[in-house]
Amino acid sequence: MTLSKAEMAALVARDIPAGSFVNLGIGQPTMVADHLDAGHGVVLHTENGMLNMGPAPAADEVDPDLTNAGKQPVTELAGAAYFDSAASFAMMRGGHLDVCVLGAFQVSAGGDLANWHTGAPDAIPAVGGAMDLATGAKSVFVMMTLFAKDGSPKLVPTCTYPLTGVGCVDRVYTEVAVFDLTPEGVVVRETFGTTTPEQLADALDLPLRLR
Amino acid sequence: MTLSKAEMAALVARDIPAGSFVNLGIGQPTMVADHLDAGHGVVLHTENGMLNMGPAPAADEVDPDLTNAGKQPVTELAGAAYFDSAASFAMMRGGHLDVCVLGAFQVSAGGDLANWHTGAPDAIPAVGGAMDLATGAKSVFVMMTLFAKDGSPKLVPTCTYPLTGVGCVDRVYTEVAVFDLTPEGVVVRETFGTTTPEQLADALDLPLRLR
Amino acid sequence: MTTICADVDEAVADVADGSVVLIGGFGMAGMPVQLIDALIRQGATDLTVVSNNAGNGDTGLAALLARGRVRKMICSFPRQADSHVFDGLYRAGRIELELVPQGTLAERMRAAGAGIGGFFSPTGVGTQLAAGKETREIDGRHYVLEAPLRGDVALIGAHRADRMGNLVYRKTARNFGPVMATAATTVVAQVVQVVETGELDPEAVVTPSIYVDRVVAA
Amino acid sequence: MTTICADVDEAVADVADGSVVLIGGFGMAGMPVQLIDALIRQGATDLTVVSNNAGNGDTGLAALLARGRVRKMICSFPRQADSHVFDGLYRAGRIELELVPQGTLAERMRAAGAGIGGFFSPTGVGTQLAAGKETREIDGRHYVLEAPLRGDVALIGAHRADRMGNLVYRKTARNFGPVMATAATTVVAQVVQVVETGELDPEAVVTPSIYVDRVVAA
């Protein structure tokens, strides 16, 4: 048994400290918002210039001037603030966000992140705010499947895809386990279903430590 | 006959192009504001974070939250905007002000400005925004007496006082003449009363050109 | 002094071939579509366009790209679900791309507007996007030196202007407008409404009039 | 998360000896006088204070200086008609002074808040205030490299806060408050009024709550 994407999102939401300022990357990380408890006081930041972003609007309340980083319509919660892109990225790069949650192609044991470019010759590269987030947030959480479609691990000794940031990832959420990337090495924080740390150690080309 | 301070201020005001964005330094340059024609559309900037600053208020309308760079009470004109100090100096340093008017201890023929520090051992130095203005404004006008109290010229071959900025002054208004500092040298733009360019050439240790 | 233009064509009449054009917007939010349409009619070509994205769908920036007027895009995120115009040009080798992290893109324009000659950023250190750039360790952290990015023209979308040229924006459509307004020689703002001077709250003005050369209601 | 403090003494209770304290205000406009009075009562000493001026008259920052609590002032304009407290300490050799051009002072704090490791500024090139600093010619213009300036604590004066900690200021009392709020580990804002969350216009918030640790009405 492995976790569904919704279950992974709920897990990440559970681990975000109350009152944190959080940026959720485009794609799967956006789902984390659905699992944040309103009473928890987490404030969502969107790179295009807003704090205290709310959920998607009803179809008849879509405002083209109010979108998230994925260009999807969102809403405004009480206490929101708007600012321009230079101010938004100053906030990110300056270390003011507590947590960001990003997707990844690969994460290395040392915390290197690759999530912006496959490096394929015909690929059109696009980086957006990923490098700023990876560099700036106090804690960088990654949500990804542990294995690529071809079965190769995505938590690796060294990234083969072009890097987004060096030594920046703190924790990796996957469908079978959560890993903490620490100065002492990769720590298995928890496993799900029938997965055991021994199975993970067999499947990954990495030394793993138990929590 | 020499010009009064008010006459000098009127002269400077006359030379500021319509619609300019202008910063007036503390002290004598502040008087230029009294001679600007409202229909001329000149917008005054104050370094502490405002555009479209108005004149001093009536005594019973003083607002301690609304002051100029000299900490004197001022007023707000229609179309005003407030911004913080970082934004105000970004505007100054970024070359967006058309004209600034500053006082000076000395100006060199090459346009060096000395106006922040006498260099005396017991003097307490204070620079404020003078270096930012001298460096950033498109045109830097100086208002000063041509001679110090001891009779020595203040328009000099080389400044002996500590510099505020290098090669930054475009024009010098004095009680006896106005000078343009050009790549070809110091040009006498106009003289007042009985003063002649020949007298100026005798009194100053500088080659002078006529306009 | 800000000119209130009669129409968008007047507002972009003098854009020269070969110009660096800063175009506001994050996706379509804040994109000055009517100004871009006017620029298409005006005919300037061989342009370098700086914008966060490289066009969405077939309107606005995408339409300018489709006409072959843009030699080079400087942006952070060209690849999107609806970026087929750019994708086609790029794959055909008909457009150059300079990819810049979004925060560095904003900060490079901020530096240009603020008179900063260069700045050390931690973003991108150790990645392909820092390749060939000067790096430096400062207080134990690694940085890459980034240069200011200036425009000849900025085309931005704002919400309201007063007749002096002060601007306010609306929600996340603000994005790149304010920083682009500081970084270009000529700044043209398309707004929904021009109000009388004095009608905007001076505490809430986002782009002061000093940065705005032309305003047009569109 | 922002704490709404019951009084100014609670708001500054943990300021440590030897701290770098950023203090807002341009002269008395925007100076958080009640927070400074609380800091005097609290007793922290050996402080480095960053503020545009070095105190006016005998209240606020001048009172803190008069108590001998400040080892070093970093400011742009200490000498004023009413700066007799600072003048006396300086002439007696009882306080250090680091003089910084006002725009560089603001930009160094902005850099600290924005994660910038250093920046090239044209201000001060060729003057005593650039002596000993790295210089560089970039595109034909000369620049001096300036370093970020961080605080342990910022004490600022704003006009209103909501309960989340979003701040708005009033007129030219805004000055250094917003940039100092980005540049210190702990940011304490003294406001005239705390309003319910939702009562401030999100378009007009100047300092978003993320930058504010403590708010106190005073």
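Per-chain numbering from 1; labels A, B, C and D assigned in written order.
In this section, a residue touches a chain if its C-beta (ideal position, glycine included) is under 8 Å from a C-beta of that chain, and two chains touch if they have at least 3 such contacts.
No experiment lies behind these values; they were computed from the predicted model shown.
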Which chains make contact with chain A and with chain C at once? D
Whole-Å distance, chain B centre to chain C centre, using C-alpha means? 35
How many angstrom between the C-alpha centroids of chain B and chain A? 54
When the C-alpha atoms of chain B and chain D are each averaged to a single point, how far apart are the two points in Å? 28
Provide the list of chain A residues touching at least two other chains, using ranges where the numbers run on. 76, 82-83, 89-90, 92-93, 135-136
Please output the residue numbers of chain C that touch at least 2 other chains, ranges allowed. 107, 110, 114-116, 121-123, 169-171, 203, 206
What's the complete list of touching chain pairs for this entry? A-C, A-D, B-C, B-D, C-D
Inside the complex, what are the residues of chain C that reach chain B? 1, 110, 112-116, 162-164, 166, 182, 197-198, 200, 202-203, 205, 208-211
Show me the residue ranges of chain B that touch chain C in the complex, using the header's touch definition. 18-19, 21, 41, 43, 45, 51-52, 76, 78-83, 89-97, 135-136
Touching residues (chain side chain D, partner chain B) in the complex: 26-30, 52, 56, 76-80, 83, 86-87, 90-91, 97, 99-107, 109-110, 121-129, 169-179, 206
Applying the document's contact rule, which stretches of chain A touch chain C when the two form their complex? 46-50, 63-68, 71, 76, 82-86, 88-90, 92-93, 117, 122, 124-132, 135-136, 162-166
Per the contact definition, I'd like the list of chain D residues that touch chain C in the complex. 107, 111, 114-123, 136, 138-139, 141, 143, 147, 168-171, 201, 203-204, 206
